[in-house]
Structure formats: C-alpha cells, structure tokens
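The next part holds the structures, each set out as structure tokens.
There are two complexes below, and they share chain A, which is joined by chain B in the first and by chain C in the second.
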Partner chain A sequence: MDTKNVILIMKKEAGESLKNRWFILYTLCFSALALLVLLFSTMGGDIAGFSGFGRTAASIINLVLLFVPLIAIITGGVSISQERENGTLPYLLSHPINKNEIFVGKFLGILIAIWSSILLGFGLAGLGVALRGGQGEITGYLLTVLLSALLAACFLSIGFLVSVYSGKASKAIGISVFLWLLFIILGDLGIMGTTVAMDLGIKQVFVLALLNPAEVFKIASVLVLSPRFEILGPVGVYAVRTFGQQGVFYLLFSIMLLWVLVPFGYAYFVFTRFKKEEK
Partner chain B sequence: MSYCITVIAFLAALSASETVSAQTIHTVSPNGPFSSISQAIESAKSGDTIEVNTGIYNEHIVIDKTLSLIGVNEPNIDGGGKGTVVLIKAAGVTFEGFHISGSGESLSVEDAGIVLDSAQNSRIEENRLDDVLFGIYLKNSSGTMIRNNIIVGKDLPIPVRGDGIRLWYSSDTKILDNTIIGARDLVMWWSGDTLIKGNKVENGRYGLHYMYSDNNVFEDNLFIGNYVGGFLMYSNNIEFRNNVFARNQGPATGYGIGFKDLDDIVAKENMFIDNRVGIYMDNSPHSVDSWNILENNVIAFNDIGVSFMPSIERNRFVSNSFVDNTEQVEVRGGGTLAGNNWYLEGRGNYWSDYVGYDDDNDGIGEIPYKSESLFESMIDAYPNLRVFIFSPAAQAIELASDAFPVIKPEPKVTDNYPLMDFERPKRYEKGKYGFSARLFILSFLMVLVPAVSYLFIRKRV
Partner chain C sequence: MIKVDDVTKKFGNVIAVNSATLNIQQGESVALLGANGAGKSTLIKCILGLLEYKGIIEIQNRDIKENLKLSKSLIGYVPQEPLFYDMKVLNILDFFASIRGVDKNRVNILLELVGLEDHKSKLASELSGGMRQRLSFAIGLLSDPPVLILDEPTSNLDANARGDFLNLVKAHKDQGKTVLFSSHRLDEVNHIADRVVFMKSGKVIIDEKPENLATSLGIKVKINLRIPQVHISDAVSILKKEGFETVSRNGSGIYVEVDEGQRAIPLEKLIQGQIPIEDFTLEESSMETVINHIEANGY
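Up next is the complex of A and B:
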C-alpha cells in the first residue's frame, strides 16, 4: 500500500464530501440544533448552585444519536456503490492504484469530513455557551465529543460494508436507512419488548444492550455526563459493581472500537479479495 | 393574690440562695494551680465552675458532679486514641469551649468524644471534636442543649465510623447550629419533643436516622452529600421547615429523605435537590386517619422526584415545585397514586414538564397535568428497562402512546390545577456563570479543525 496514493484519495474524498450540498446542509442543521440545545439548557439556570442532568444531556445525546449515525452510514453506503454505478470505479482502478489504497483512502477521507462537521457543531455550540456564560463541565463535554466521533466511525464502517455489497447507490441508501432505523430505534424496542415479554434478568438486558453500538454510546455518554450511574437503574448499578466505574467505560469504549474495526476489516477483506470489479 | 405573693417569695428565695452559695472558680492550666482537669473535678464541689486555660491535656475525664467546665481559647483534651474522652454522669453540667480529640475506635463499646449518661439538662456548647469515633452521645439525658459544636469523624470507611450525634432516650433536647462532617449518622432513638435547627450534616451515611421519636421539629438544616439525607421510621407528628436535602446520592439508596411508617408529617418550604430520589414514601402515613402535608417544597434535579411504594394514600402535595426531575413521580412496581391529594381548593403543584396554557392569567393551567408517560410506566414495572432511558427508542414509545391513546397508561398523578410558575426560594438566587475562557478556547480549537482542513483540502485538490 502506498501512503501517497492513500492520501491522494483521502483528500479527493474529503474535498468532495465537504463540497457536497447535502453534507453542508446537514452540518449547518447539526450545529444550529446543538447551539440551541446548549443555549436553552443554560438559560434554565440552577437552584442554590445545583443544576440537573436531565434535559440538557438527554437532548445532546438524542441529537447525536439521531444525526451522526444517519449521515455516517449513508455517506459510507454511497461511497463505493456510487462510483460503481457511475462507472468511475473501473476508471479509477485502471490507474496505477490498488483497491486497498482506494478503500482506506475513501474511508479516511469521509471520516475526516464527518469529524469536521461534528467538531464544527460542538465547537459553535460551545462558543455560544462560553460567550453567554456557561457551566464548565469541560471533561464531560470533551468526552462526549470523543464518543460522538467514535460513534460516527462505527456507522461509517457499517456503511462501507453495505457499500461493498451494493451495485447501486439507491440500494445502498435503502439498506443504510433501514440499518439506521434498526440500530437507533427498532433494536432497542425489540429488546424492551423481549424484556417485558420474557421478564429478562439484569445480565441478559445488559448484554443485549451492549450489542448495539448506538446504545453503547448512549450508556457511555450518560456515565460521562452524570456523576451517578444509578440513573441507568439496576442494570447500571450491576455494570458498575461488576466492572468498576472506570472498567465500564473501558468496556464500552472497546465495544465501540470493535464496531469500527470489525465491519471495516470485513468490508476491506471482501472488497480487496473477492469482489471482482470490471476494468 | 396570695398565690402570686407565694410565687414571688419563692423566686426571691431562689435567687438569694443562688447568690449565697457563691460558686468557686477553679483554674486549670498546664502550670497550675491544677495541671489536670481530673484533679480539678475531684476537688470541686457541685455547682462550681472550672476554667481550663489553653494547652494540651492528655486525659480521659469523668464529670460526676454538677459543674461548669469552661474552656478558654479552646484547650485540647486528647484521649490518645483510647476509650471515651469525656464522660458526663451528672445532671445540669455545662461543657463549653473545648477541643476534644483522639477517642478509641471500638464500635462495640462505642468510644466517643463526649458521652452524656443520665446527664439531664446539660449544655454542650461551642466545642470542636475531631478524630473521634462517636461525636456527642446522649443516653437518658433529656432536656439537654447541644449548640454550635463542630464534629469531624475519624477518617474510616463508612461502615466502621461512629455517629456524629446520637440521642438515646433523650427527649426535650435542643440540637442547634452544629456541623457534622464525615461521621456516620445523626441518630435519634426514643427521643421526642426535640428541636433540631440550623445544623449541617455532610458526607456521612444517614444525615438523619431516626426511630420512635414523636413531636420533633426540624428547621433550617442542611443535609448534603450523604448516602441518605434523612430516613425516618415509626414516628408521629414531625415537622420539617426550610431544610435543604441535597446531593444525597447513595450508592443504591440516595434518598433526599425517606419516610417509613410515619404519621402526621408536615413538610413546608424544604428543598430536595440533586438526590437520586428526592422524597421516598414507604407506608406513610401508616394510620388510616392520618394525613401527611407537603407544601411549598422544591423538588428539583433528582433522578426521581418522589418515589412511592405501591398503594400509599393520604399524602397531600400542594404548591410544591417539581423541577426537571428525570422522572417526576415513581410508583414502584407500577400503578397510580389516586388516593393522595395533588391539589386542594383550586391549587395544585408546579410541574416543569407541564405543557398546558393559562387562558385567564390566574397562574393556574386550564388543562390538568397528567403523569402518564408510557415509558415511565414501563420502567416502574420493569426497572431493568431504565438502562434505555434517554434513547430515541424511549422517545418513540412516548410518540406512539400519544398517537394511539389506547396504549396510554392510567395517569400516575392527575393535578387539575397545575401552577404555571415556579417560585424560586428567596434565599437562593439563580446562579450566574461568567464567561468561561477554557470552554471558549476549547470550542474555538474545535471550530478551527474543520476550517483548516477545508482550506487545506481545497488548495491541494
């Protein structure tokens, strides 16, 4: 693999994403919403120097959960399938450049674009709060940004897996949106339903919740933003008792990392070894 | 008339006798006349005063006469890490202005800084106690005044600490303006008719722990950062005014205040803030003819505002403010709280999640407040589901229950006269935050990253 080629592809991909109108619109929406949420939450103020976890953090977590995975999985899903559909992939491959260089370059390029948009959103919101006078829970804020970036990488990785298997962009988008729905809403609903129907125990619910990267992100963010894990109920207490407060965080972090590496690795393997692209 | 004269004569005789038995003042200081407090107590007579000058006294003292011990400039009595430092066994003792330290660490013999054993009507004032297992321990010492003491517990794990203040069969006591930090509990057993006012209990296990003690009044106290702010059991007629229960967060328990089998509570103008559970109700009230009255309290920023065990009735919540609790009201195991009053005479409570309107500007919403979240009902019945709190799926469930009222649960609470505005308690102003430079710089850097990468990429491609 030639790093020069990878960087070339990366720049091309990042540049195209950043110029994409949908992507710009998305970034603006995310920034505006993040700013609004943080401004409104600090307006409520506090009582006797105490302030709540409640709405601020919940809104930020929900905002990230709805926006970030969607853009990541769709951009990832379109990345290769679109080029395949347009016929630009065979054209690209006719140059002295390898498939693995294209794959890694594309992934890094889009990742840079998405991370830029997340940083812009959180950054603008943070500027607004700082100017208005904000409560400085800096560590929690930074860790939330970090977790959001990791969440984006998870879903980008899943998107690439979709893309590798799709011949058309429209098909890739369809599958991506369905997967997004599955991970963000349907999966959790399914676990909740199962818990109620089968009266699942603490351990089972914990393990099932950990299967979903979005849920893992949510649990990690709550632990980061709230001083107490009891807010997550018996399952949260069980997790912290078993693994320790640090341990739970490392566990959640490594699960998210796995969700980046495994789909990425699998897609990379399939794309470079098995999929024959017409030259 | 003759009765009146008798009383005056009696009073005159009393004051005369007091002046006649002019109390002797004994002075203790490291260089005489007495160099140890125990010696001075031995040679003193009942009614005498012992003045102790500043210095370090390594002794355990036993006060078995009605004496006044006055410390001048905080003399230090140190027990050397053994036993109880000061034991008071006579009624009417005054013990004031000392620094007590170094009790033993035995929970089984209850080593303490100061023990009052059958020392009725004594006064313990202005002392500082540190490195003591128990702080001030009253046994059968009714009518005692404990005022303005500072008690700091031993630096031990919470289960092997002693209590800051313990009352055992000591009614009619006044506990005023004390500070207890890092002890286990403030405990009261069988000690009624007591006034607890202006105290601060911090970083302990139970700020207040309490059984079989009736007719007590709690005012202006602060219970902060304990496992549990207060837990009261098996008592009647308790009054709480203007106390603050904040940041009592467990592990596992974390109640601002908990009531078990408590009748006739009156709680007004208290604040329950940032606890795991603001108020926990277990079988209170206990008797069928008893009502608990909770008015003008602020219940804010708790994970759960008020948590009820199932089928509890006869609690009256009026004019309280429920502000941004993650779950405003919980019924453990599911169900409703219909047998309680959530409004009275056209006045309900303030609920921060109320979405109604006030048409006639009388400060009361026109449509009832109903606590009928489907997701909340689910987590009340299946606590394991609480792990899904704040997830989009939980929001989807709410949305679905709004769209299809068929699956809406019966409201846990219905307040027909919800208040529109939340009256901030006067002595606590809204906090102000200044410009945060750290946040500004950090955010600026975050914005800089995409800007730079955009320029960089645009140039080269």
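Up next is the complex of A and C:
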C-alpha cells in the first residue's frame, strides 16, 4: 500500500466532506444544540452526581447518540456506492492507484471530517463550561469525546460495509437509515422487549446490550462521567460488580473497537479481495 | 507493446469478449470498431485492469494481472464520458498528477497544450463536453505514458470539437505513442488508425489496414455525376462497357458504384469519351454501412 496515495485520497475526502452542504448543516446543528445543552445543563447544582463538565457531557451524550451515528453511517454508506454509481470509481481505478489505498484513504478522510465536527461541538460546549467557571472532572469530559469519536468510527465502518455491497447511493442511504433506526431508536425497545418476552436474566441483558455499539457507548459514557454507577440500573451494578468499574470500561472500549475493526475489515476484504468489478 | 492473447470475459452467462487476440506494436494506432455490445469497451476495461478476465494481457511484455499498478502507469486513458470529481480544473489535474507522481509544472504545460489555461479555475461541471474531453486527454497525458487508450472519445462532441480533439490525438500518435481507440466513425479511423480491428459478438473478426477495409468487405463507394441530359445515355453505355455493373440514371445525371480506391476511374473514362461532367458527389461508406454489411454478409 502506497502511503502517498492513501494521504492523497484522505485529504480529498476530508476536504469534500467538509465542503458538503449537508455536512456543514449537520455540524452547525450539532454545535448549536451542544451550546443549547450547555445553557440548560449549567443551571442548578449537582444532579445525579453530575456537575459542570460532567453534566454538560452527560447531556451531549444524547445529542451524540442521535446525530453522530446518523451522519457517520450515511456518509460511509454513500462513500463508495456513489462513486460506483456516477462512474468516478472506475475512472480513478484506471490510474496507478489500488483499491486498498482508495478504501483506507476514504475511510480516514471521512473520519477526520466527522471527528472535526464532534470536536467543534464538544469544544464549544467545553469552552462555555470553562468560561462560566464550571467545575467537575475534565478527564470524564475528554473520555466522552474519545468515546464519541469511537462511536463515529463504529458507524462509519458499518456504513462502509453497506457501501461496498451497494451499487447505488440511494440503496446505501436506505439501508443506512434502516440500520440507524435499528441501532439507535429500536435498540432500547428491542432489549426491553426481548427481556420481557424471553424472561432474560441480568447477565443475558448485559450481553444483549453489548451487541449494540450505541448501547455500549451509552453505558461507557455514563460510567466515565459518574462515580455513581447505580444510575445504570441493575445491569450496570451487575457489570461493575463482575468486572470492576475499570474492567467494565475496558470491556466496553474493546467492544467498540471491535465494532470499528470487524465491519471495516470485512468491508475492506469485500472491496479489495472479493474483486467486485467496477464496470 | 500491447498483447491480448485469447482473452475471454463473461458477465454471468453472457460472453462479452470471446477469445480475443490482438497485438499492437509500439507506435502503432489501432481502431476498435463494432456495433454497440460488440465487446469493444469491455476489452478496453480488461486492458485497463478494471475487469477480471481469462487469458493473457501484457503491456510492454509484462502481464497486467501481476503488474497492475505499473501497467496502469504506462497507460493514459480517455473514457467515453469523462467523469470527474466536482473540483476546479487545476485541482483535478493536480490530484491526478499526484497519483502519477508527476511534477506540477507538467500540469501547466498540459493546460496550455489542450487549451484550458483560461478555464483552470472553473469547476469540472462548468465545462462543455469538448472541454471535459480535452481535460480528460490532459489527464491521460500527465505522466507522458507510451500508450493512449481512448474509448469512443468523440461520441459526445460536435463537429468542431471532434476535429480539434482528433488533431490532438493525431499529433501524439505522430510523436510515437501507441494508440488504441474505439470508435463508431469511419472518418476517425481513416484519420488516425494504422489498423482496424472489427469486433462482433465479442470476437475479433477483422484485423485490416483501414484502406483495405472497404475493399475486403466489398463495400462500394457511390458516385453521383451531373451530366447534361443529352449525354446521359452515352455516359451509361461507356461506363457499362468499362465494366461498371451498377450504373443508372438519376434526375440530373447518373449514379455509379465503384470499388474503394477507384473513385477517379469513372470520371477518367467519361472524360476520355468526351462526356462533359458538370459536378459530382461521393457517398462514402458510413460505419453503419460497414456494420450492416458485416451483419448481413459476415466476413
């Protein structure tokens, strides 16, 4: 793999994403809502163990859960399918560049663009907290930023997997939105429904939650922001008692990493080795 | 320079290229002709390494399957419909120059060569069809590759743009580049090609010099001669006596069919027979005529 080509594609993708009007709209909405969250979260005192940076981060988590997976999975979904559909991919491949360089370059470029918007949102909110003399654990806030970045990478990987299998951008967007609904909106309902219907124990519910990267992000974020893990409910208590607070965090972090690496690796394999032809 | 040996490409059960064999020497210009679906574009995409295939394709004696990146660096490709990222012309050239490891000075030289220096700040989407094709040609020339492959490069151009583009290609052919191009137009073939390869149903069925193509196929050139009414009967008699089988009267003169390369003979015979010729027009064989002839009569 030629690093020069990877960097070239990465720069192009990052530049194009940052200039994309939907992406700009998303970044503006996310940043504006983060500031709004800051405004409300800094009113009042300590609530459920959160204050200052902690409470702002806890509020932004819900924003992250809605916005970041959606933009990541859709941008990933159209990344290759759109180039395949409009014919720029075969033209690019007629030059001395390999599919693996294109794949890695595109992934990194889009990831950098998404991370930039996450940093902007968290950065503005963090700056607001600091200017208002906010208190609290800044490490937890920074870890939440890190987890949000990882969540973006998870859904971008899933988006890329959708993209390599899609010949058309519209199909990729449809599948991506369906998966977003499944993971984000129906995720909680699914766990609750399955738990009631199958009369699952705490251990099984915990395992079920680990299957959804959004749930993993949610648990990990609350864990790094609050020393009172009881707010996670019986499943959280079970997890912390079984693995220890640090152990649970490492477990959740590893699972999120797997959610990045497995779809990415599989999509990479399909795109580069399986020889899907670019007519 | 380019060796295509027994190459077969299937899409499911459809055979797009069927045991095609083709050798193109360095500096040679070869036209790929054939009806839509004959397999021209598919063969070109195989040579570019975009499609999997059975058989052997070599560029400069190297199998492209084993040397894909190197092979692609030896080829400048101009597609039928150039599709670019919606960037400025200069940025597009810079982007592909970086992929090909070419100095940025080369970009300015090529912008001037293809006449796009005044449009370098325009977005690709703002360019006309002819300009896009010239941009595509400039990209193809970035690394000064020894091989140019053009897939129906003029099919979307008007007459003026087509003429300009063909002159550009011809100039590079004359500089010694190996050129493989697919086309639907016989005039392009006559302008650029040293050899004509005709494909039908994925097979190479003709490999000829362009001047021999019509003769090989037995395709006639039609000549309309305007002759004063009083001389028409004599003119018909003279031409029939000279062995021209298809001679007939039309409104203001006569109509005669001759073999390729014999356009002047009926005129010469009529002048020798003291028949005044007021005017004449030629009906050249079109690509459609050639395709229809091959479809109807085979080869």
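The definition used in the following text is that the second predicted complex is superposed on the first by the 261 of 279 C-alpha atoms of A that agree within 3 Å, B and C clash if a C-alpha of one lies under 4 Å from a C-alpha of the other, contacts with A are read in each partner's own complex, and residues count from 1 in each chain.
The criterion applied here is as follows: contacts are C-beta pairs under 8 Å (C-beta built on N, C-alpha and C of every residue); 3 or more make two chains touch, one makes a residue touch a chain.
Fair warning: this is a prediction, and the values are worked out from it, not measured in the lab.
S.K.: Looking at the superposed three-chain arrangement on chain A, would you call chain B and chain C a clash or a fit?
M.R.: With chain A aligned, chain B clears chain C, so fit.
S.K.: With both complexes superposed on chain A, which partner does A:Ile138 reach: first (chain B), second (chain C), both or neither?
M.R.: So A:Ile138 only meets chain B here.
S.K.: Quick one: name whichever of chain B and chain C touches more residues of chain A.
M.R.: It is B that touches the greater number of chain A residues.
S.K.: Touch check for A:Lys12: first (chain B), second (chain C), both, or neither?
M.R.: After superposition on chain A, A:Lys12 lies in contact with both partners, chain B and chain C.
S.K.: Looking at the superposed set of three chains, what is the minimum CA distance between chain B and chain C in Å?
M.R.: In this superposition, no C-alpha atom of chain B lies closer than 6 Å to one of chain C.
S.K.: Shared contact residues on chain A, chain B side and chain C side combined as an intersection?
M.R.: Shared contact residues on chain A (touching chain B in one complex, chain C in the other): 12.
S.K.: Show me the residue ranges of chain A that touch chain B in the complex, using the header's touch definition.
M.R.: Interface residues on chain A, with respect to chain B: 11-12, 14-15, 18, 42, 44-55, 57-58, 61-62, 65-66, 112, 115-117, 119-120, 122-127, 129-131, 133-136, 138, 141-142, 145, 184-189, 191-192, 195-196, 199-202, 205-206, 209, 214-215, 218-219, 222, 227-228, 230-237.
S.K.: Residues of chain A touching chain C in their complex?
M.R.: Interface residues on the chain A side: 4-5, 8, 12, 16, 86-88, 90-91, 93-98, 275, 277-279.
S.K.: Which positions of chain C touch chain A when the two form their complex?
M.R.: 45, 48-52, 68-70, 72-73, 75, 77, 79, 81-85, 95-96, 98-101
S.K.: Could you please specify the touching residues of chain B with respect to chain A in the complex?
M.R.: So the residues of chain B touching chain A come out as 244, 246-247, 249-252, 254, 271, 273-274, 276, 298, 300-301, 303, 323-326, 378-379, 382-397, 424-425, 428, 430-440, 442-450, 453-454, 457-458, 460-461.
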